[in-house]
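Chain lettering (A, B, C, D, E and F) follows the sequence in which the chains are written, and residue indices restart at 1 in each chain.
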């Protein structure tokens, strides 16, 4: 299913190579460091950029073309979360709370995986649907809410539940992605043109720096893999494939271009490691953060980045 | 006086929208944050960029075209400070010290307001006079000195006065704006060309990020508005209009293009919230910082950004 | 030997002017500051950019054209370190340890001096050899190892020696320069094109900001000059000339273009102030850091930046 | 304590809380509600029994310092123990220090 | 204090000053003039009676720690009180701590 | 110590190490080997007998705080003295503080 040319094109991209450099630097105990403020600045920049780009695209798309994909995305996100939960309970045998916490991450989406997928897809298939960013925003939240509900439904926590939901909806990821989307859509393509040099032209370069940093973070997480047990590692490798292939299939059924369907699949395959961890830590404090952080950032993200994305593209090519 | 098209063009610009996003994020108690180091980095970048751009313009302008506008600016800045002081004493009924402190801010100038005004003016009227940056530098300092003198003239503080003046003149705003101006003028347009991609092309994009941050800072300041009393709030809304319209008139009288006159007016209308607060805090420690910070950053800046600037442009159009 | 036009072209460049602004700001005790996180971010960016650019160049150069220059560079670096050591022992009369520590810095290389030289050389002579970055990487390490060996050979420290070597090889300078070189070479020119806007187009602008910061750091170091003694100051001014002119001669002998030979010479003339200090501090803790930091950053760097580089270019022009 | 005490040093309690960054705003809200006169917050990193960095956006830990009367410190400590000890990365320690203007820290 | 004290722990005074960022360089200049052997400076944020951020460029507060003899600490505290207590955001507290190489902190 | 002590405050030792940034990882490795239950690390700047900034990339100093039993603190202090006092910028001070869950800091 995985075509060799896609794999090479992906593995030799500066983005993936920078991630590998980060992995290596940390394994060698290098004193290389990305200052925390630079990390935050890059996150902020990338999320706002994605929002802007999506907003400009949405401003040009007739609104009614958005409704069906968005609804399908939300339904798909909820289904993915429930499926992951059942697998985690039955096959991986996690506790209710831990299963709910991890499921929230795998139902949600990683913005960087989205970007990496869009990047390869555009290089291979040409431009993809601009509304993908709106879909990114729509996919992020529902899974977190479902995960919190799964974990809290048996406990006292009505109030805590609402607090967590409020926090997710006003969290920085939503503010930047959603806020950027609105700004882009309101200002429109012409007025946004003056910020293009920073937010669009530099995007790929900043991404390289960000992935260097993520490589170092992932290497630190990888140390905890042993504690997690082989069932859990298998989950973190298999679920992206299942979610991803089903996502590509759904994307194709929704009528996306092959590139669009591949990116759609990659989003389903990805696990959140920015919005979900913070929300789950507050809403389900009893869950073990080692589990979800190691899985999302230490295993699934590198897997998708290196191998997953080319697979979803291959599948999309086959299905189209 | 305010034309509708200008207002819309302004309110829909990414700059203003980013400011609003910052306001909203803070009101919703979002955990969105701009790291302090990023804030400083952006301030540094913007001030140095403005300096560079001005220096290049000045290098191309015959020196004698600068003399009259600069002298008029200094005289105007002193007059504006004294006028604000009298209003604050008589109508707002502040103490000598507080009136002097606030007057220093309103006689001086906000670099970001200048940029936002230049931005809209260039879009509406085309390129404006390059020497406006030299005027920005000339307008910044005198008001602060006058304010310190007004506040300290009855007290012991001869030595303290000189210390404060020294600090204003060697402060970072002066170093970056003035230093950048010199570098731009000495290096000249051709040699500066190689730094154009960073300092000129990216300028608008960085401004959007900076205004997101300022929106969050302004929202925090707005909380203190209630303490200030209605007279003071009225002052913070009315004085920019008075200063601004008189500034546009003076700019027109000095023979500036309509765009230049509008930007000139916006500078007079604006209140400093970087250079002045630091200088006043050290030179007039008895003054209440809540007053001047809330007024300058919480009220006058948003007012100018949203409504003031289109008004000054409308006035400039009418006068031309 | 020093031609007037080169000196002017150099002194009026924004890079040198920004350095001077930094010097002035610190001497005036201005509160201007570059946040530490911004300093680290810029170092990281510049080193990675240099690596990328070099990697792309190396990818296009036949491998066998690299062998002779690299070997000559390593030999030259070792010779320069030993020469500096002998001068420091005999003429400057430093202790074994201090002489070894300082020699390690002068045998190694300063990346910023390299960039500044490349910058002027390209403006004067047109494009220079792309493999210069590979040479930069090759010149960095050997001197540090030789210096550590010179300082430790009489002491117990076998283990400490190996620890220091390990640290140099996995240090951030190597990771970024060497790692960037590999990424650039593996990804190749076409794939790197998408990161060009950030890493190549913005390079000169970031350099201006970095030199502003270095100017402030150098001014702080200059305060310690008095403690160092006139012999040592004379060393820090004379050795770059000797190393630099011999370097230009060697570069010409290796068949480089005049621009390439000048840059080659500037590398030999420069003293490391990022990689070497950290390695020497750990490997030769008994050495006095004031000596090597003041000499490398406070004296030799400004000297090369202002006068040295135009001299090496003049020599290269004369030799060609 | 200073022997002469001409400056009128007075003894109050200094409570230091080190907690994961995510708890920051919550803890500060507790402090506001419990009527402390102020607090100081410092970014930090650390390793402990949990030692996880969840809030990868904003950095690892915060160290919060509060000067207050012994009672208030006890009330804060009790609240932290009840709310956060079980599931979060958090430690706290208290000590006696001398301050000037002791009343400042004993708001009712 | 350590029971055995084989390491020769000696008691000196630790003064901590938390002040608005703007005062930083001024306070450090005072410390230099008053002959302390050193100081440590940490960026911090905080809320107190004033709780204003004026120096919006460089962040909010600094925490300055000084190890010195009791006399010197008292002299510093008196100076801070005289100069800054009235109009600026500033607090300070002092405590006894044990150090090695006690002489280091008792420069004449 | 709190008068009532209903919260069961227990006394342990707090060791604070201020050292140049370059030593950071080394010191933390020592701490891990000496079996402390955790530590807190804060970026700082400072001036002292040496007062040099060598590691210009990562900033100047770090302040490391360790809660541990008096024995362990003495062992750490002895190690630091042996390894770093002579050639590096480093100071340390120790004091008694009260903690909850005292056992946490007395790992064998």
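Here is the rule we go by: a residue touches a chain if its C-beta (ideal position, glycine included) is under 8 Å from a C-beta of that chain, and two chains touch if they have at least 3 such contacts.
None of these values were measured; they are calculated from a predicted model.
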Subject >> Steps needed, at fewest, to go from subunit C to subunit D via touching chains >> reply: 2
Subject >> Furthest chain, CA centroid comparison against subunit D >> reply: C
Original post:
Which chain's C-alpha centroid is most distant from that of subunit B?
Top reply: F
Subject >> Interchain centroid distance [CA atoms averaged], subunit D/subunit F, Å >> reply: 19
Original post:
How big is the gap, in whole Å, between where the Cα atoms of subunit A centre and where those of subunit F centre?
Top reply: 39
Subject >> Distance between the centres, which are taken as Cα means, of subunit F and subunit B, whole angstrom >> reply: 47
**OP:** Indicate the residues of subunit E shared as contacts by at least two other chains.
**Re:** 42-43, 58, 95-96
**OP:** For subunit C, jot down the residues that touch at least 2 other chains.
**Re:** 31, 33, 35-38, 40-41, 172, 197, 202, 278
Original post:
What residues on subunit A touch subunit B, complex-wise?
Top reply: 35-38, 40-41, 44-45, 48, 52, 167, 170-172, 174-176, 179, 182-183, 186-188, 191-192, 194-199, 202, 278
Original post:
If you look only at subunit A, which of its residues touch subunit C in the complex?
Top reply: 12-14, 17-18, 21, 24-25, 28-38, 41, 197, 201-202, 204-206, 208-209, 212
Original post:
Can you list the subunit F residues touching subunit D in their complex?
Top reply: 1-4, 6-7, 9, 12, 14, 28, 37-43, 67, 95-101, 104
Subject >> Complex contacts: residues of subunit D adjacent to subunit F >> reply: 13, 16, 18, 42-49, 51, 61, 63, 70, 73-74, 77-78, 81, 85, 91-96
Original post:
What part of subunit D is in contact with subunit A in the complex they form?
Top reply: 22, 50, 52, 54-59, 86-88
